[in-house]
Structures are given as C-alpha cells and as structure tokens.
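Next, two complexes with chain A in common: one pairs it with chain B, the other with chain C.
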Partner chain A sequence: MKFTLYGFMNLKTVSLTKNYRSHNAVDKIDLEFTPGIWGLLGANGAGKTTFIKMLVGVLNPTSGDILFGDNSIKELEEKYRKKLGYLPQKFGYYEELNLNDYLLYVAALKGISKKDAKGKISYLLEKVSLTDVQYKKIRTFSGGMKQRVGIAQALLNDPQVLILDEPTAGLDIEERRKFREFITNYSRERMVLISTHIVSDIEFIANNIAVIKKGKLVASGSPNDLISSLAFSAWEVSIPVREKNKIEQSGLIINYHNEDKEDIFVRYISNDPLYCDSERKNVTLEDYYIYINSREEI
Partner chain B sequence: MNALFKCEVNRIFASKKTWVFIILAFLVTIGLSVYSTSGEVAFINDSNGNRMELTGMKAIKYSNEIEFPLAGEVTEDKLKRSLNVYRDSYDSVDDKFSFTEEFNEKIPLMGLLQDISIDPTYSDYTIQELPDVIATNYYEIRGCVQEDLLKDELNDNPKLIKYAKKLDANVKKPFYFSPNKGWQPTLECMSILYYILCLMIIVLASSVYSEDYYSGADAVMRTTKYGMKELAKVKFTTSLVFVLLICILCTFIYLGMSSFKLSVGGLKASAQFINSLVPVPLTIGGALKYIVFFGLLSSICTAGFAMWISSRCKNPILSLIIPIALFGVYLLSSNFKGAGSITSVLFDMFPFRGAGMYFTLFTGISIQLLFGVPIWAPYITAIISIILLTAFYYGTIKRYVNMKC
Partner chain C sequence: MYENELKRIIKSNKSILFISLAIIAAIFCSYQAINNARTSIFDSKGEERVITGAEAIRLDNQRWSALKGDLTEDKIMIVLNKYRDSFSKDNSSDDIINYIPVVCMFESISSDKGYKNGNLPDTVAKAFYENRNKKQYEILIKNSFNKDEIDYFDKLESKVKKPFYYSPNAGWANALNNLAMLYSILCVISLLYAAPSFSNAYKNGADEVIRTTEFGRKKFAKAKILSTTLFVLTISVIATVVYLLPVARVLEIKGLDSSIQFMALNSPTPMTCGEVLNFVVGFGILSVVSSTVFTMFVSSACKNSISSVSIVFIVLATYVLESFYLKSTVKNAGNNVFKLLMDMTPFAGFNIYYVFLGYEIHSFAGIVTWTPFIIVAASIISVVLFYKLALNIYEKHEC
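On to the complex of A and B.
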C-alpha cells in the first residue's frame, strides 16, 4: 500500500473508459487524486457523472481500473467504501423516514455505532443548518434542504475520499458560501472531488481542477497552472453593437451585456487588444473554462 | 448488522404502505372468517311439521349438537342404520324428507353413501332407494369407485395409481366421525385467505429493491461499507420475516375465530368427511395443519419471488405487474392441469402453489410425477418451495450487488 500525506492513499484512474454501444461516455482518463479539493469541470453531458459513478463503484468501467493506494477498488470492496463519502447528482432517500432516522440508517450502513452516530448527526446537522428539522420527514423539505441532507449523509463516516456530484445544485448563495467554507476546512488530509459545471463553486477553493469534455480529460492542474497555460489575455471594452461580429471573428467573447441602445460591454480573450481602449484584466478560471469548451478540435 | 436490521425494521414500519398492508390483511382475515361459515345450512321441522331453514352459526350449533351421538368410528353397521333412517324419513306422497332430529343426525354419513352412489351399479337410484349393500359393503365399494376415479384422474398411469392406492391404504378405516359442521368451508376459505395474502405480499414486496433503484436511494446506500451484499441480505430477510409474522398473526386470528365458532372436536374427524374419495391419510385437523404450513411457506416464497423480480427491475410498476401477471397465469393454469402432465409440473413451479393446499388435497388426486417418481403433491410443493426460496434469496442478492445505477 502506498501511503502519502497523513496516511492518505491516492485515488488513481488508469485509462478509465466507459462505452455505451458506440458512444464513449468516458474515454481513457488517467488521473491521480491527491489530498485537497479537486474540481471536476465539464459541461452537461461531458461524462462527469459517469466518471464519478465509476469512481464510487456503482458503475463498472468498460476498461481501465481505479486504484486506491495500489489496489483496485474492485478488490478492496468494503475496505474502500468504508473510506468513501458520496453525494450523487440525483440524491435519493427513503421517503418514509424522518431526517434523523434516515441518517441513522446511513450510519448503520457505514458501520458507525448508534452512539457515535447520534453525536455525528447532531454535529453535521448543525453544520448544514438542519437541526430544526431533525425529526421531520425529508420528503417535506425544499430542494436545497434535501441537498444539504445529501451532504450530511456523505460526511457521516468522516470519509477520506469525499465525492460530490453537483453538490451546490439547489443551494442559495449563502448556503453555497457556507458549503465552500465547510468543505475547505474539511478537505485537510482528505481528498474531496466536486463535480460541477458552475466554475464559481470551485474557483476559489479547489487545489486542483480536471476538465472533461466529451468524455476526455482535456486539462488538469492547479487553477493557476491552468490559467497561465492560456496564452491569451482578458480584455474588457465598450463597443458599438454593430462591432460585435467583428470581435467574435477575431477573438472570443467570454461575456457581454447591453450598456445602452447603441453600445455593449464585452469581455473577451485575445493575444492583443482588439480596440485601443480595451482594458486588460486577469484571466479567470471561468475565462479558461469557456475557452476550453469552445474549442472545436476536442 | 443488528443495527442495520433495526433500521430496516424501523423503515418498514415507518411506511404507510406497510400499515395499509397490515390493516387490509387483518380485515380480509376477519372478513373471510365470518364469510366462511355464513353459507352453512341446516333444516329442521317446526312445531307444525313444516321445514325451517337455519343458516350460519345457528346451523352449525344445531348440527354439532344433533350429530354428537354419531361420534366415533364409521362402521358399516352405522352406515346401514343411517340409510334406514333416511328411508323412514322419506315421504313418498310429498316426495320429500322429514327433517327430524334423527334424520339430521345421520346427514354426514349419508354424504359418504351419496359419494359412492356415482358407481354405475347405483347411479340410477335415488338416495332413499339405495340398497343395503352400499352401506354394508361401504369400504369395498368405495375402493372400487375410487379406483375408477384414480384411472380417470391419473390418466391410467399405473405408477401413479399404485402410489395413490398405497396412500389410501394409510387412510384410517373405518373413518372416524366427530361433529365438524363448518370446518370444510373454513379450510377452503383459509386457502383463499392465503391466496389473497400472497397477492398483497406481491404488492408490498415488489417495491423493496425497485423503488430504491427508481428513487436513486440505492446510489447512496451501495457506496457505503455495508451497502452491497449486507444491505441486500438485510432487506430480503427483514421483509421475509415481516411477511411471515403478519401471515402467522392472520392465521392465529382466523383460527382463533374459527375455534370460537366451531367444534374443535371436529378436527378429529377423518378428512374424508370433506371428500370421501380422496386418498388423503389425514384427519380434518391434520389437513388444517398442512394448509397452515403450506400457506405460510407460500407466503414467504411469494415474498421471495416478488423481491427477486424487484431486484431485477428499475421500474417499480414493472416489478409489480410481472408477479401479478404470473399470479394470474397460475390461477388460470390451475384449470388446465392434469396429473403427470407438463402443465402440472409447471404448475408446481409457481411460488404461490402452497397457498391452495385445500384445493390440492380435496379437489382432485394430489399425486404428481417428479423425474418419473410418483410423489404426493404436498411433498413436491414443499421441496420446490424450499428450492425456490433458496434460489430467490441468492438470486436477489446477486442481482442487487450487480445492478449498476
């Protein structure tokens, strides 16, 4: 077994592939997840969820392998699952149970004693602001509350590997902020993988980012490395509406909004400014992500 | 694992569906128990000599009291006396019987004579015209009538006929009688009760796995330490135990109500007082034990079957429709089976088979060929049910573990 930081075993995918008939949902992805927060970026349908389902063992790869330390997760079975926390994209729960009973059920499945589970549940419910509804049926909760239940259940066993598929879906701004703060604190000594297509969810908290497009891994590294790999600069300028086509042909519009009837405010990336009064800006992860996704050759 | 069992039990009892099942099961049980004896009838003469009809509990109470002196071995002498009483009670002018107490007392024994009067020698006689020999040679004539029946029902298969005769040799003769009015419909309704329970069990158990697949609840569960094999096992066994306990409770309620209404002494009577020609070496009480045992066995077998289907279907509606459709096929196919035929062998493969043990024992000759060996149907049902249950258990767990969401 290969131990790294604080005894953490890296999670590694080796040429991981999943085919559905002729469609390559995930295509030979090699990635080694080290401790810290990992962001998995990709548009809807890029293969993120398929990739994650294989990582957590609920979907078998067509080929390739997933190693935890030096062992395949297939061989490790419950030894791996013991260290795993997972929030699926579509979080399903037992409708008939109240929140407390549901978490006790998951705790039992995770091999946590009832006594320990009770303490852990209280702690986590406080963290996800659900203490008030501990004895209410989950089916009566709002979408955001259900999502927080999903996050709480994933954390019950204090997992070394925490995999969250679209965890912020349904959360409001304050809940997202709290979530990011909690995950940042939590991620020390652990690996947290957050799959999302919303860049702002991971922009400031992810130590590493992997970008998937059409089932392929197109980039991975720290946010700074990814941004600096982009040879362009970001620019912002107000231009007449009629100039929009011209800028589209020459550079790449990241964002724009109407200023008044005649002008639009544009953020674009390009080697050089396309207008003399363009103001240079730092390239953000979102700029990078939009650029990567818009490239046709992938 | 104990904690997981407790959580699953808690989940089962937190579900509305469970309570609907429990309440319906109890209501059906009570309803059938009341219904089972409601059709019983007895006739008496009123003070003016007119015929009066007693129904339900009144008929049962009256018959049990009036038949009490008849209790004991059914000797041929007793049968002859019964026949004489019948003849004496017949009023040839009005072409009707007088329902005196003496006449009513003999009715159960006359039923035996009536059953063998289908013999070609006696088939042209009315009951009051039957000759003494039918009573004085009752057991011998019964043997002949039964032989014709066996040939007909068992398709002249010598192996099956030989086995049936061997089985009949174990029937205690002379038969034993004790007042048992009401037990026949009670036993019949008990089998119907188990059929209804099986249907309800299908509705309950068909969602055990498929609903989790459908809601996505299993996606979280199966990524936990005990979320694969252990969870599948716990769900299967908990549901099975739950279903069994409810069926046992229903059985207790049903039998409790029955023993309150009926004469428990009637259970000592030979099973031939339900159908005198079948080679069933049991008393009515013995038959009752078979019906209960196989009813309970089929209830857990049905639950196992429904869960096995459930483990294979991501769509809860489909996992409900398939076993219900098969249940329908089973009920329909029961009309087309013949001893030793392929349909009969297939019929035995259904997990609900044991629920209808009353019909197996009393509405035909319950002998089948299994790999060329004649076996009494209850034994085949027991063997197949146990094999099926084991297969469903392992099949369900394997399927759940391999199901990818």
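On to the complex of A and C.
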C-alpha cells in the first residue's frame, strides 16, 4: 500500500494480547483508531501503558497484530516510525544536553535535516513556552517543563500518529488548557491518542474514548455514546452524614463534600432518585468512568 | 546522526572525566618510566651514590656505549674477563658497570654458584649462543612442552638475529612495562566509560523515545557504538603520545634497535625492542578499542549500568587472575583451554609485552600457534562480533 502525504491510514489492533507469567496485561483488544482525538481511559495498572508500548513498537505483543493501513507495523518498521510521535509515561532524556541540542538530536533521529529542524524547534518551543530556556540543560527544568519538552519532541516530525501517555502529568491548569487547545488544532487530519486516568484531560476534546479495565477493552465510542449507554442518571442532594452508607448500598457516590458538621453534599448515580429532593444532573464522562471502574462484572 | 552523537559524547561530563583520567594516567606512567630508573656511581673513595631518573638513564647509556654493535662471542669473552677481574679488585666496580647488559646475561645461562663468585668457565662466552639454546631447551622440558611445541619454538628461534645487536637502551624495559600498565589503566577506564552507554538510557527512559524514531534502532545503535569507539580510540592515541613524548626525549631512540633478548635473554621472539614497542602500542590500543566494543555489547544487554559494569569487571578480573596467577602455576599452558579463552578476551592485548618476553603458545589438535597471533586475531574478531551482537540485541530490546 502506498503512503501518501494526504490520506490518513487507520491504526488498528487485531486481538492484541500481552501475557506475563502472573497475568494478562492486555487481553485481546480489537480497536481501530480513526483521525481525531482518542482518549484511552483506565485506572492505574489497567494496561494502558502496556497497550501503548505495543502500539509504538517498543514492546512486542504475545499475540495479535497492529496494522497501519493494511500492513503490520512489524513489517513497516522505519516507515511506520517516520509517521509516529510518542511521549512515554516516564519521559527520559540525555542529561548532558541543553534543550536545543536535545531537540536537534531527536530531530536527527527522526530524519529531519538540520535546517528544517531549527525552524521546527523554534516554532514548537514557542508553542510550549520554552523559548527562553532553550540553552539550559533539561535536568535543571521543573517537572512541568520537562513534560513540555516531551510534548515538543513528540511533535518534531509532524506525526500522523501522535501517542501521548499521561501527557498532562506535572502541568498546571493553564498549561493543561493550552495543551488541550494545541492538541485539538493539531488533530484535524491526524490521529492523537491520549492515555490518561484524568477524565477532565480529554472530556471536552476527545472525539472517541476507549476504556480499558484489567487489560480488556470494556467500552469504546464517542463520549456521548458512552454516556448514553448508561441506564442511570446523575443526582445531587444534601444529606446528613449518617445517610452516606444508604446511598452506597443502592447507588454509587461519585463525589461529595462537607457542607457543615452534620451534612454532606453528594453527587451520585442511580436509576431513580434515592431522596425526593435530589436534583437530576447530566451524566458526565467522569460519572461513566467511575461507574465502569466500580463494577466487578464489567 | 553521527555528528550529533559525537557532539553529545564530547559534551558529557563523563567524557571530560575520561579524558582527564587518561591524560593523568599517561603522565603518571611516563613519570614512573623515567623516574624509576636508578644507577650507582662510585666516588674516589669508592663510596656508592645512587642516581635516579633521567640523569641515571643518560649515565647508563653513556657507560654502555662500549657494548654497541653485534654481540659476538669475542665481545662476550672480553666482558667475561672483566667480570672475573671485578671479583679480584677491592670493591671497585667501576669498570664492570659499563658492561651490565651483558653481565646480566651470564646469570641467565650459567649456574647460580658460578655467577655469584665470578667463577665462570670460558664456554659461557665462547659457546654463549649454544648455551643459551640449551637453557631454552631446559625451560621447555621443565614446563612440559611437547615435541610439536618445541619444534615450533625452534622455528621461531631460528628467525632471531644472531649475534644479537645492542645499542644503549637504558630505561626502555621500564618504559615498556609502564606502557603496558598505561594500556591496562586505559582498558579499565574505558570499561567504566562505556558500560552505561545503553543501559543508562534503558533505565532513565531516554531509550523509549529514541527507539520510536525513524532511525532509532540499528542506525542509532551503529552511530552510538562507532562514535564512542572513535572517541575512546582518539583519547587512547593522545594518551600514548602524552606518554611517549617525554619518554622518547629522555631515552635513547637508537636503543630500540637492540634485540629484545636484552630484555629477556631466553625469549624466542625474533624482534628488536623497537618492533616490540610498535606491537605494544598497536595491540594496546586495539585492546582498548575491543574492550570498549565488548563493554557496549554487555551494556546493550543489561537493564542498568551496575549490571553491565559488574559483568565486564568479572571478565576482566578473571583475565588478570589468569595472567598473574595461573601462568606461574600451570605447566605447559600450551593446551590449556582456559588460558586460550583468556587470551581471546578483548583485554588480552594490553599484556602483549610480557607475551613477547616468554614462551607463549597455544596448541590444539596438533596445531601450534604463537599467542600474539591469537590475541590480534581474537581482538579484531571480537570488535566485529560484539559490534554486530550489540546492534542485534539493541534492536530486539523491549522497554
């Protein structure tokens, strides 16, 4: 199959599995990624990072395959990596290099000429607000700054497939907002996969969500489709503290806060209101995600 | 990519440390080579004064100039007579001091008793080369070399130039010793330098980004190994120059024309001191390079630097143990498999000077080979083999 500059090829996993001696880290996941932003949701230890490592080719699956277009990424090798941008969960770098040298180094590995690299680096540093520190050593940066370096290097080769594992770790609220804005613009004709356990990172920007639990794909679709699939509603009510257990027996508490010494304000999901003065609210993606994670049978 | 990798290497703190240690080692070994020299002079009252360093070397070269030229049996006879005379004079050793390089040879080929009381027969001089051959044969029998191996040494010995040629070479034996020490130090610091090359990046996560780039597999690994090896090679050459420059200024260059037998009389090596020096430099630098490539191979297979350093040092320690301990306890190392394996390690080249001085061969299934041939072949093969293995392992590594 020919590679074209203009057509996006889907990334597809076919029965993708990774077994370790003690457990299945990823268990027969079939998923097809289309252009746009994909959110990969799952609790810590659900298998998100293992899944992602297989997608980017740094971990071999026990069975199954990953196709880019019609071809396995194993066969494509460099051709696939040319189109790939990746930010790992634990972003490592060479300590002896300053930011500019590090990005030039990665650019060379991505096959970008020195002349082109300088222009791209300049543009990306401005986007991640690191222009002022480009000649400083990365090891002197804060956690958030290092994360932005990681995002910048992932974007150097203008990848068709951009995979970010926990990209907002260490970023403050404003940085996260800028990140979401940038990614939304970027994803128009590209596939961006954001793995996270923080729902708010992707709630408004993701076109599609995939939820992984204990290595299995338990749900995938647009956020609205997923939320609609829930047969429950969300409710909010103020109740005495002693009533908290009653809700937990019949429904699911999403969140609560103390109002005063005796009362708490609770958000819960349930088929019907558990208190007559409960106010119905729109179910959010976070509600859905917490529900999925709480149920043993799913 | 090569340019970037070299730049990265040169900028790193550990490279600066490596360069510093290499230069310090070269200066230290050079200092040792010159300042460990010592000789005596006797004043008019016959009292001895010890002189050290460059002055000692110059004085000895001056004294020993009387011996310059081919060491014929007639010349040896003159020395023998002077040696006998030195026992009849009252404590005055002035004259005999001028013939020390030959006097030392008498000890090697005569009985200890005769040497110590000056009572040596004329045959020590008149049949010097014949006596030497007998002594060599005694050594070979004592060390249980078999007939094929003895024949091999005979062939080697037949290429030794006789009579030996001498040009004042005070200090060169010590210089070659210290040069061997320099290469052993360079091997050790190159191991420490190269050990974290891959394993560090595995541990800190830098590797994970790299291997998802277009050239982040084989091409990257090639650039890394070749750049590191080139860097180590360059610094080794610089260290060698730093070592040899002061040494060559103080020592007589013409002394290198002497037969190596003036450093080890019974050695069957058919070379001059200068040829041995060239091989020590060549093999020494080759061993540093092959050690580096070997270490990078180990690094590519280890998850962290501690593992890679530990493995490499175990191999090095085994080699050193074998070199210094096994050699003295095992008779006929000719068909010793363990010794063969040790001589095939990447480090074996730094010890080559001592190999040239002794009876070092390997024989298996009737094939006898001189050890230096094994060392150079093994070093070259190990560079190629471990380079390819490192590339392979790196490509298959999983994060």
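Definition applied: the second predicted complex is superposed on the first by the 291 of 298 C-alpha atoms of A that agree within 3 Å, B and C clash if a C-alpha of one lies under 4 Å from a C-alpha of the other, contacts with A are read in each partner's own complex, and residues count from 1 in each chain.
Criterion: contacts are C-beta pairs under 8 Å (C-beta built on N, C-alpha and C of every residue); 3 or more make two chains touch, one makes a residue touch a chain.
All values derive from a computational prediction rather than experimental measurement.
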Practice task
Based on the superposed arrangement around chain A, label chain B with chain C as either clash or fit.
Solution key: clash
Handout entry: First (chain B), second (chain C), both or neither touched by A:L252
Key = neither
Handout entry: First, second, both or neither for A:A43, with chain B first and chain C second
Key = neither
Exercise for the section: Check whether A:I290 is in contact with chain B, with chain C, with both or with neither, and answer first, second, both or neither. Expected result: neither
Practice task
For A:A169, decide between first (touching chain B), second (touching chain C), both and neither.
Solution key: neither
Practice task
Considering only touches as defined above, state whether A:S113 meets chain B (first), chain C (second), both or neither.
Solution key: first
Practice task
For chain A, give the residues common to its interface with chain B and its interface with chain C.
Solution key: 53, 56-60, 77-78, 81-82, 84, 86-88, 90-94, 96-97, 101, 104-106, 108-111, 150, 153-154, 157
Exercise for the section: Within their complex, state which residues of chain A touch chain C. Expected result: 53, 56-60, 77-78, 81-82, 84, 86-88, 90-94, 96-97, 101, 104-106, 108-111, 150, 153-154, 157
Problem - chain A-touching residues of chain C, taken from the complex the two chains share - result: 1, 3-5, 7-8, 11-13, 201, 204-217, 220, 398-399
Fill in the blank from the handout: Given the complex, residues on chain B that touch chain A span 3-4, 6-8, 10-11, 14-16, 212, 215-228, 231, 404-405
Exercise for the section: Flag every residue of chain A that touches chain B in the complex, lowest number first. Expected result: 53, 56-60, 77-78, 81-82, 84, 86-88, 90-98, 101, 104-106, 108-111, 113-114, 150, 153-154, 157
